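In the two complexes that follow, chain A is the common piece, with chain B as its partner first and chain C second.
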Partner chain A sequence: MNVITLALKNIRGSSFRSLIIFLCVMGVAGFFLSTTLIIRGAEHSLDAGLERLGADIVVVPAGAESKIETALLMGKPTQIWMPKEKAAEVIGVPGVAQVSAQVYLNSLYDAPCCSVSEMFLVIFDPETDFTIRPWLEKELGGDLNLNDVIGGSYVFTPPGEKYIRLYGHHLTLRGNLQATGTGLDQTMFMTMETAQAMAMTSRTQAEQRLEIDPDLISAVMVQVLPETDAHKVTLQILLDVLGVTPIESPKLFGTYRDQMTGLLWGFLAVLGIGWGLSVALIGLVFSMAVNERRREVSVLRALGASRGFVLQSLLAEVGLLALGASALGISIGAVVIYLLRDFIATSMEIPFLFPSLASFMTLFIGGVALALATVTLAALIPALRASREEPALAMRE
Partner chain B sequence: MKILGVAILLLALTIAILPQYSTCASDGKYLTLANGRTIPMKCSWTARAEIVVGAPLAAVGAMMVFSRRKESKRNLAVMGITLGALAILLPTKIIGVCAMPTNSCVTLLKPSMLGLGSVVIGASLIGLVVSQLSKEKQP
Partner chain C sequence: MKIVLRGVTKEYALDDETTITPVDNVSLNVPQGDFIIVVGRSGSGKTTLLNLAAGLVKPTRGEVLIGDLDVWAISDRQLSMFRNQKMGFMFQYPSLLPSLTALENVALPASFGPRKSRRKARERAAELLELMGLSDRMEALPRQLSAGEQKRVVIARSLLNQPELLLADEPTSDLDEQTEQEIMALLRKIHGSGVTVLMVTHSLELMPYATRVMKMENGVLSVLAGAEACQTGRGT
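Then we have the complex of A and B:
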């Protein structure tokens, strides 16, 4: 009989104790993965959102930083304005390669067109745009025509209809951008030409008129020259262009990143306490079990089993339990998080995008290895004690 | 088999109860007709239909706990698989949920029915295998 067969027989022989250890490890491993997935998913979503923006610096009217973050992150429409001339001033700043102005609008409240109460509308300039255009050229092979729009992954044409009706105007959804988990998923992108046509229609067809001032813009997307320090360019824009705030791309969702870091530490603390308690519980349960099996272990020793064999069989027993329980716990946690990802994002008000398969596999392997190491560590002392005991003494007791 | 029966019973109760609190109507959202009347959206009908699936599934779970005959266990497992599949098909194919991706019927009702239905199918499949392998107990 080899070590694994003996361990499996021992697990089957003491099913209640094994079940306790199994459930304990499964719960902790599942909780560990779920919390890590939520944090990782939020980070992944922020990174995907920044990648979608494609700008090194975003210039917004002074004081509108948090508004723009909320709009881009949660898709909550915002009305921020600055003179159109600011874009021309920004391009004059040394180190700036390209600028493109954007105008932010919102749909009417509870319009039947939209996936949310108020949809965030982004109007871009096809002549200068470098955020949507590369995608348009790659996916649609050209520009948007009049009345064509592009939507985030949540934007859809109502079932049974050919157009999206917005401010009484018919719009054709040409395609959907890949999900980012941020507010960009519920954002509609259109050209200024289409927006002006929509504003014109709204005068007669909509409950409320859409007003677009051609002299005002909401934000300026900036790309810096290659090998130029974006931070220095940001400072230069701050000095040279009055009434605006430049935000470096990596710092764009800074407030949310800070909140997430706080959340992460909180989760880690809870996780640490939970993990410590589980190790203590597993150690205790295993210690009691080994104590009950002293005679059994002594018989094994008397029959010729070495100390090493006894130690290995006891450790293999907890190892097998830890392996199965952590793999199951992590898998259940992952499936639940995957299925309820939208619900988590909505209820916790955080951006969330399920991490890539490679990233998930790393977490899975890491989680299983951690569970295996910790459970083995918890069972090591009672197993060592049992293997070192003199058979004759134990049998006499 | 007893553990599986209890598990299916609990899953059945969740299938019947959870959808009642995750529809658009429970969030206060209704369809407004041209005449001003408000009617529930289709997710409400899915939620009601899930009660019709959950109730017999709960009975299947309860009967699994007390069942002794190999044939009964097998039939109950088959019923479990069918009802589990129905729990999944109601929000996905048969009735469906609302189109708005942010509504709770899309974010909570549909995925939870997918998950719970799959677990019911899995548990029933295990029950089927166990019933085929087990020896019949004499009453």
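Then we have the complex of A and C:
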């Protein structure tokens, strides 16, 4: 019989104590996974959103920073405007490789002429666009035709219908972009030509006319030259182009990242307290259990078990419990977070995209390692004390 | 295998001011092949003496030699291996591991020994249990066994590694007369096979089984009867 077999038999033999340790570890591991998964999910989502945006710098009208963040993150439609000439001014800034203007619109709220309510619409220029077109070419093998649209991962044609109706205009959904967990998943992308056709239809078919001023744009996507510092270019745009705010992509969701950092610290604090309590509780339970089994330990020593064997067998007991409990806790946590991902994103007002399998496996291994470290720390002192005790002393008591 | 205790004293501090001395300057020579019974009342220091002889407790003063080995001059690992390979134990209290079956309990000492002895441990454990008349109780847990059956499992366990020395602490306590005789008959048989036996008991009736009887009183050991007296049962 080896250390593991003996530990397994002892676990089975003292089911109540084992259950307490198991539940304790499972709770901590589950909570660790859930909190970390939420934070990682939000970060993953922001990163995916930025990648989808595909621009190094986003230039918006001055004062519209929070509006664009809310629109891109939460899919909440926004109306921000600046003169079309701003795009031409931006391209003149040193270090800028290319620019592409976008116009932001939205569908009507709860109107019979629109099959989707208050959807964020991004109008891009196929001539200059470098964010949507690469995807179109890769996935669809060409550009969008008139009245074609592509949507975020949550955009779909209503069941039983062939088209999506916006402002009474029929649009064909040509494809869906990969999920980002941000508002881009609930956004529809179309060319200016299609948007103009839709505006035309709205005059006769919609509850409210769609007006698109050809002289106004909402944002300018900027790509900087290779080997160029985007930060310096951003500062230069700020100096050279009046009435706009350039935002470096990594800083685009700065407000949300700050909120998430706060959230992370809050979670970490709760996790730290929970972890400390668990170490204390497991230590206490294990200490009581070892105390009850002093004679058993003495017998093992008398039969020839070395101190090392006794220590290993006691630690193996909690180690095996921790292994099983953390694996189960983490799995349950992951399933719960996966099932509630939309609820979490909505209720906490954060973007959320379930991390990749590799990222999840890293978390899984980290969680199991943390659980093993926790129980080893909690059980080490009682186990050491038991293994070092004079066998005959325990027999006398 | 012989045991030699030279001027051994064991003291326990109860608190800062009070110390008890269950074994006080005891010298004992147990030659190979002897069957020594140490009698004495409860609290006289018998069990401590047995633990000292087994190297389970370190003496405050004095020397313990088993064979030619000073047990407190070797490492814990060496001492553990020595106990495992050369000694068999029968404890006064229930000493079977509650989560293991009778067979697993008997095979347990092999887990701490050399790797090659582990392979045949279950086989030998089954043989020993059969020898103890427990062939139909091998898969029973300790709580499913009677007191007598538990004692017999303990004897089987103590014999697993074919020890040269058997240490028995009140092996017949809490047993009825018939079971007591069965257990003692087994011990006599083990002794007959060349194993040195050191046994402590409060029962004077067991004296006839010994080659020598000693008495423990207030931590002091004295000779009560020699081999001849023991054989005729006139020890007292």
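The rule is short, and it goes like this: the second predicted complex is superposed on the first by the 390 of 397 C-alpha atoms of A that agree within 3 Å, B and C clash if a C-alpha of one lies under 4 Å from a C-alpha of the other, contacts with A are read in each partner's own complex, and residues count from 1 in each chain.
Going forward, a contact is a pair of C-beta atoms (placed from the backbone, for glycine too) under 8 Å apart; a residue touches a chain by one contact, two chains touch by 3 or more.
None of these values were measured; they are calculated from a predicted model.
Asks: Superposed on chain A, are chain B and chain C clashing or fitting side by side?
Replies: Fit: chain B and chain C sit side by side once superposed on chain A.
Asks: Check whether chain B or chain C contacts more residues of chain A in the superposed model.
Replies: Touching more of chain A: C.
Asks: Have a look at where A:P214 lands relative to chain B and chain C in the superposition and call it first, second, both or neither.
Replies: neither
Asks: After lining up the shared chain so the two structures overlap, which partner does A:K9 touch, if you call chain B first and chain C second: first, second, both or neither?
Replies: Touch status of A:K9: second partner only.
Asks: Report for A:E390: first if it touches chain B alone, second if chain C alone, otherwise both or neither.
Replies: A:E390: touches chain C, not chain B.
Asks: I'd like to know which partner A:P226 touches here: chain B for first, chain C for second, both or neither.
Replies: A:P226: touches no partner chain.
Asks: Just checking: does A:R301 make contact with chain B only, chain C only, both, or neither of them? Give me first, second, both or neither.
Replies: Second partner only, chain C.
Asks: Tell me which partner A:L339 touches in the superposition: chain B (first), chain C (second), both or neither.
Replies: first
Asks: Put chain A at the vertex: what angle do the Cα centres of chain B and chain C make there, to the nearest 10 degrees?
Replies: 70
Asks: Figure out whether A:G141 sits in contact with chain B (first) or chain C (second), or with both, or with neither.
Replies: A:G141 contacts neither chain B nor chain C.
Asks: Nearest CA pair across chain B and chain C in the overlay: distance in Å?
Replies: After superposing on chain A, chain B and chain C come no closer than 17 Å at C-alpha.
Asks: Flag every residue of chain A that touches chain C in the complex, lowest number first.
Replies: 1-2, 6, 9-10, 12-14, 295-296, 298-309, 390-393, 395-396
Asks: For a test of understanding, state which residues of chain A touch chain B in their complex under the given definition.
Replies: 115-116, 153-154, 156, 158-159, 186, 335-336, 339-340, 342-343, 346
Asks: Please output the residues of chain B touching chain A within their complex, sorted ascending.
Replies: Within the complex, chain B touches chain A at residues 99-102, 104, 106-108, 111-112, 114-115.
Asks: With touch defined as at the start, can you tell me which chain C residues reach chain A in the complex?
Replies: Going through chain C, the ones touching chain A are 47-48, 51, 54, 56-58, 76-77, 80-81, 83-85, 89, 91, 93, 95, 97-100, 104, 107-113, 118, 157, 161.
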